[in-house]
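The structure is given below, and queries will be raised subsequently.
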């Protein structure tokens, strides 16, 4: 079985394991106060071109989202997010468990617009009795989104502007951030992102690390006491060095972007192969997640050799599915996949009209 | 600087790192559904002599305590714990953050008694309007305790009995469980523990693993939907295999106990050396934490070469401090420590009368 | 200014005030343990034809919804509700503040269907990894709804059946329950409701009382320790008698239904007058809330003499508004309103095509 | 049965009921936006000699404490309180249910000292890793305390000073505030209190009102959005006028203090009568709660005719009990009580040596 159902099917990049071996018997202080964490923080600040940024290491994405959001909102505030946002649908109510509503706005492709943010804000402020409703307290987006799509620098700038105008901290979930940064369609840098949002994180779990997310806090108002929040929410790893060493490795000479680029190459290889054969895609994704629309009969057979994620029914005989690549994806597996799909498609695929209309 | 201030100063046991290397490019499904986790669960069930136990892997201690406790209590219930219990003092209010009060009972040495549990329960039930007070909903202990002390099998049996009689689930925090099991004073086994409590966990972070705690649920009523709780509280690691591989390694041939025994040997080496020189101890600890009472002037000098934890002032010129050993402690470091303390003590230590009375 | 913007513009029914005067210097025990509360509970049990029901008195609607829902759900569960449900939009995130997500389903008229409940349940249960999502834990409806519409007995029966089949407790918010029971279109009784749901409440605040809601718990599993929940959520009134006396008065000889009928009569008087003049309504409401669609220019003038609630724009020149009647509405005020609207409409109203299409 | 077990055994002062009757059919807007609430706010601002104060009306004490505290604390902060404080022991964990720990300090008589506040603060700030512990975030006291004792102006000033020095908002629970202000031993005024704390409330439930507490916010930083908090926590009464009318009546011509004085007179009548007969008291209370130590055999007989609260065993044959008076206490009932105690005491009371030593 060859796996494409997610981007965390393997362990860690070999250089990370190597570094863990080399440093294993070093004695360090705990909870992220060691030298490896300090160096990793410094490297990330440099990559963000912001010497004043606070950098913290947490273990996973749900934990990070919950900790950041709970640290920002007042008890009666909620977070604006796409209806497809990870915090809205795939975290078992972790945000609500800290007392906050996710204020969703509809999204076709995982992205939200400045107009939507402004509309939620204005609608609330224009209520005759706003105190009967949850107050919008911040803006959450994922870059890239859960649908593989990506915000351009101009779009981020516009979200920054509207958030600032409404007094809403702007938080970017970067669980797959490398796969945006390394995309050929990407026109923003880490430094751009650090300039345009109040807090974001750099995902490690899905990009080369065993686990770990690096939170970067830019807005001074959000910096104090963040370690209390991490500890309370269960994210302050005793052997914090484990996170420091990993991010040190990922950021000391560009490894993070290098391995992200590999994932993009592999994703495009899938994309281009299928596109050449007339396959349509549910989303126009330039990142590591690809959402082709394929005949159900084909998918049934494909499941014998590959794992991937069912996304949604598109018509009576076709479904959109998700293939993920990652830093660890092997080209031979990609080639096997595209070859097998090609064979299965041959003489079989007739994209019906309804799908054409849809995509 | 030689470190004794905690039991998580190093990385992981070399066999664990080795295994991570070997399995690194295996493709597995996520969130603990892989074969390594399955095998680790099986090994732990065997070690507990309970084939029906549910076993889950979480990342850290605070996270584990919060998740287990929040999964058990009704909204108006609290958890009975020693005033020195980890959940009461060192988790930044993580339990309260899930809505629950920690109902503390005083403890000299970190242990609580069945009489105390019964008293809290009876006091509540005898209230004329109990609904105005937090209802005791479960019992929490640490084995070994935060003070290095340990419950005997008979004491656990008695706590089991009173908990059962009061209808209170009995939860054992085993963040350092190996250091109890491997203690020469220990008369209980994992199987005993699994028979006597409703849920407990086996700490990996402090005993050989990079990180990780294995929750073992014995009481059927506590089993359903626990994975929802783990996910919501941020403990469901995407690459769950990372935890599975570690516990597999620790439990496939007794490594967990073997390396725990090493820590005990090192701790006793410190204990015996100091005791021979007339040093008194704050707690009578048979486990990996030792709490000698030493002259402040000696401690000041000792800090030049060693890290350890200040515990409390004992009199005007003496303090109790904590030295931790672990699976990773090197004997040469222990010998250097005891040698240096001996030299510093020589001609200097005069345990004052007040201390003698105290200890 | 004559007020129609809500159903709590006045104080209490005069018989309630009279009874408060008469009993004022009686000495009673606190927190709802007095004889008046006991008698009120008995009367409500009789009205519900269920001698085993637990009856509790709380102060207000948001408090009651929060207390009931938080008492039922497990930490990872959410409550299914209409997107227009009070708990979803007008309680400042009170449900989320207790840790729970409101799982909304779309609704045109405030009602939800058994098919929607089943779909939410099935969608969750068919997830490949359901533990990543909030688990549906109960069903919430309002009877009548926030849009003035009402469930028939058959519809309640169907919701009961699907809730039972899915193992979801079924909770009915009856903040305006009397205005459903007294509606000419109503085919259910209190006893029917008590047979078909697991817990509901009888609203007093909007129907004759100074304030107060009577929670009726039918399902034995939901009964234990509910007073702890009330106390913790701030709803256990010290002078509980104040609630007991009011519900005693409302239920000892049918006052609750009698005054509800008056509100319905007044609402229909508005409805029929406007309908005769060709006015359309946004919802087909047989209860005390009426939602006519009127010209914006008319509404602007009407605001000089009357308060009412803007509901939504219907087209460029028309809006839907809400007029509420209540137990206290005076017929002379209703007649003044309909007379003034009639005069304003005369020679002015031209329901445009778009509105016709809409309503 | 004559009741002395609490200060909420009766309804409301007759002038309040009279006013409710007079205003009953007035139409007003909801949720505290009406003219009565506005006037009550103005009167309270005047009484506090602070025109800038924000005044809000809530329904009950637990609700008010929860709402105020949850509005102030950050998620990782706790509230410093006496171990006997209402929030620590008699609110079913309402504070914890909003995520916050109550950081208790021991108290003999219900009061806490500036030294205790400073010690808690310093202990936290001097932790080597403070983020592992709950951060002190505010100070809570009750005036008068749950034990009938009272802070002097100088003591309040000192608590103000230390709170300010530590950056901790200072909150005063005034559920029985009138019974402090009207005490003959009281040297502070409402204006003093408003000058010395950041937020406090004026209790109505126990002093003349049917129910209701008036929160007075002095610190500008605590003012924004407080109505959101009230709504979310279930305290925003639909018919807010009900609270406005009551506080208007209590504060327009000094009624609040007048009726409080009556309660004090009645309490002192009990106190002086018992003291003359050699009865000792558990606390030296100048307010409406009296805690005499009486023979258990006497108490047993007294229960046939009177209700009062058992407080604690003092020795094998004596207990301290609590008698409460209130605005509604009738002198004939007080005289009956003291007469009956006197008769029961006659020839029976022998305060044993242990009690003498204790009190």
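The first chain written gets the first letter, and so on, giving A, B, C and D; residue counts start at 1 in each chain.
Definition applied: a contact is a pair of C-beta atoms (placed from the backbone, for glycine too) under 8 Å apart; a residue touches a chain by one contact, two chains touch by 3 or more.
Since we're looking at a predicted model, the values are computed, not measured.
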item: Same vs different contact residues, subunit A with subunit B, by half of numbers used; value: same
item: Farthest chain relative to subunit A (centres taken as mean CA coordinates); value: D
item: Between subunit A and subunit C, centroid-to-centroid distance (C-alpha), Å; value: 42
item: Whole-Å gap between the CA centroids of subunit A and subunit B; value: 35
item: Centre distance in Å when subunit B and subunit C are each reduced to the mean of their C-alpha atoms; value: 51
item: Shared interface positions of subunit A, touching two or more other chains; value: 75-76, 91-93, 97-99, 131-132, 228, 231-232, 236
item: Contact footprint of subunit C on subunit A as seen in their complex; value: 75-76, 78, 89-93, 96-102, 131-134
item: Subunit A contact footprint on subunit B (complex, rising order); value: 1-3, 5-6, 8-12, 14, 17, 20-21, 23-30, 59-63, 66-67, 91-94, 97-98, 205-206, 210-211, 228, 231-239, 241-242, 307, 328
item: For the subunit A and subunit D complex, residues of the former touching the latter; value: 31, 70-71, 74-76, 98-99, 129-132, 135, 225, 227-232, 236
